[in-house]
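In what follows, subunit A forms one complex with subunit B and a second complex with subunit C.
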Partner chain A sequence: MTLTHTETQAVDLAVLATYDDAQIEGEPDFVVELLDIYLNEVPRLFDSIRKAITNNEGITAKRAAHSLRGSSGNLGVLQMATIAGELEHLENNSGASATELLMSLENEFERVKEILNAERQRRSP
Partner chain B sequence: MRILIAEDDPISCRILTANLTKWGHEVVVTRNGHDAWQALHVQNAPSLAILDRVMPDVDGIEICRQLREEKTDSPIHVILLTSLNRREDLLEGLEAGADDYLTKPLDAHELRARLQAAGRILELQESLRQRVRELEAAIAERKIAEEALRNLSLTDQLTGLYNYRGFINLAEHHAKTARRSKHRSLLIYADMDGLKEINDRLGHRAGSTAIAAVGEILRNTFRECDIIARLGGDEFAVLVTNMQEPETAKVLERLRRNVHAYNEASNHEFTIALSIGAVEIDHEHAWSIEDQMARADEVMYREKREKKGHEKAQEAQGKGP
Partner chain C sequence: MPTDSRKTRRILIADDDPVIRHTVTRFVELEGYQPVVVNDGGAAYRLLKTDSNFRGAIFDMMMPHLEGIEVMRFMRTERRLMRIPVMMITSELDLKLMANSFAAGVTIFLPKPFTTDQFQSTFRLLLNHQLEN
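Moving on, here comes the complex of A and B:
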């Protein structure tokens, strides 16, 4: 399996910026709120996928991967969305490839966290 | 608008809610299919639902399908959310009864445009419902008016004669104006014999023809100034006014002759026979039409009974040795 993820942009900040339209004046920064949800949600989904792989529950892994792809896509976290998509569409969602993809996701998330935390800091110092 | 969201993904859900709220909509948030279904079935439920296609319990397509199975005059406008930008999913959603779909990641401008389209459709539906309600109310009102008119009517539709109400009204009026006049009146009560047999044997259409024929015979027998009525069913009444005396026998004979002539004309599939009760009324005393009708009725029944007795006697004779 050849993974060419490194060529894709990790986070498209322009996607995040579109949510400024939904900002209500006087309220806390909306994008920061979304980032906080995401940063909380991802480790939870990782846990869920890891447990599902251990227990050989393909469906649960598939579902969590689906959520991860959706959330990542929503926030312009492109690379994560792509890998999550691959995991979601595996024939065996709890096999060896799944484990491999989960590791890729975890690595990628380290990179993403830095970028998102920086953005978070910029918006809400 | 009141909009229901069913979305298990917290980020999608938050983005949707934030946008809709900002655009002035009232949002009901649910996180699974079951709660969504409940929220769509309370009083004053949202008329628009944005349903995620994939949810852990009941997915958006299934909700859609179940919503469409319900018979309602105010269908919920359903927008399906899908991140699977695949043609089959889209078709499956639309076939399940979704009105529209949006793909994730959501484009706020597209969402807004779709909501406007949905709003127009819902408004149109509401104005149609309003129109239907108005029409139904108008029809109901019309029916009441027609019923009232029928009750007010003085004539019998089938024969064109007066009906019971018309007869009583006119006869009472006559009773008042004729008081102390030197002329007498004759009240005739006529009951068709064998209408039931005609109905049973030839059908109700023939029965109606027979009733109409009796009406015609009465009209030909009496004068314009007499009050001729079908009281209902097979019962008729005539108030012959301003009689020179003693004409009763002559009048009844004329009636019998006309019935006979009708039957002789032989192109009818039935024979008409009347039992008749007639009472003379003088106007020296006050009288009520009801009392006189009761008298005439009694005479008529006596005749009918005698006729039946006579028929039986004839039958018995015929069967004799």
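Moving on, here comes the complex of A and C:
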């Protein structure tokens, strides 16, 4: 079975810019803090999904995909949020389709990392 | 004797997602309140067993160990906690689930993804609700 996703923008930087409203003067850049947390968290979630698929633990994969969808969506990482949502709502969260979606997520994350690291660099050279 | 939760500025936040947790913590600070942050429902439950001094609570619906809704159900059975209003953050816009959650005592929902403005409006409604009761 081949899964297809509607192609959407990788990162909507306008969403990130809305967090500038939450910047406190004199404090570290809030968006950079969020990006650092996200960039550290995503590989951990991938690892959790990968192990859950190997051990046939659908509920663990579903939870990790849910978390990935939430944080991606809130940071405007749109395509990752879409694919994570597909994985979360699979009937079998640890089957072959889940493996395929995890690969899609990992590929997409390579693209996302470049964009987010560039944004990080722009804000905190 | 129950604490008068209208006098405190402490807000309990429980979310296992570090991005959402960091975001909500900052938004609560910007509203002039003091966030008390835990990483999951189990930690929230343990804290609430001994500490009821909260003006409001913000829970993620889906958390490991104990779901937000289960923590809230516990709060509604305890006299010292039952007046604390609860905001539930969720990415599931299932009407039946929401109706059941309101029936169980959720004060207000905040759907993910959310913006600064959406959080601010929902948070203010949460705290106003408490003052009306």
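The rule is simple: the second predicted complex is superposed on the first by the 119 of 125 C-alpha atoms of A that agree within 3 Å, B and C clash if a C-alpha of one lies under 4 Å from a C-alpha of the other, contacts with A are read in each partner's own complex, and residues count from 1 in each chain.
Please note the rule applied: a contact is a pair of C-beta atoms (placed from the backbone, for glycine too) under 8 Å apart; a residue touches a chain by one contact, two chains touch by 3 or more.
The structure presented is a predicted model; accordingly, all values stated were derived computationally and were not measured.
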Aligned on subunit A, subunit B and subunit C: do they clash or fit?
clash
Contact-wise, after the overlay, does A:Tyr38 reach subunit B, subunit C, both or neither (first, second, both, neither)?
both
State whether A:Asn74 touches subunit B only (first), subunit C only (second), both chains, or neither.
both
Answer with first, second, both or neither: which of subunit B and subunit C does A:Phe30 touch in the superposed model?
both
With both complexes superposed on chain A, which partner does A:Arg63 reach: first (subunit B), second (subunit C), both or neither?
both
Mind working out whether A:Phe109 is in touch with subunit B, subunit C, both or neither, as first, second, both or neither?
neither
Across the two complexes, find the residues of subunit A that touch subunit B and also touch subunit C.
15, 18-19, 21-22, 24, 30, 33-34, 37-38, 41, 63, 66-67, 69-71, 73-76
Residues of subunit B touching subunit A in their complex?
8-12, 14-15, 18-19, 21-22, 54, 56, 83, 104-106, 108
Flag every residue of subunit A that touches subunit B in the complex, lowest number first.
15, 18-19, 21-22, 24, 30, 33-34, 37-38, 41, 63, 66-67, 69-71, 73-76
Which of the residues in subunit A come into contact with subunit C in the complex?
15, 18-19, 21-22, 24, 30, 33-34, 37-38, 41, 63, 66-67, 69-71, 73-76, 81
Quick check: in the complex, which residue numbers of subunit C touch subunit A?
16-20, 22-23, 26-27, 29-30, 60, 62, 64, 91, 112-116
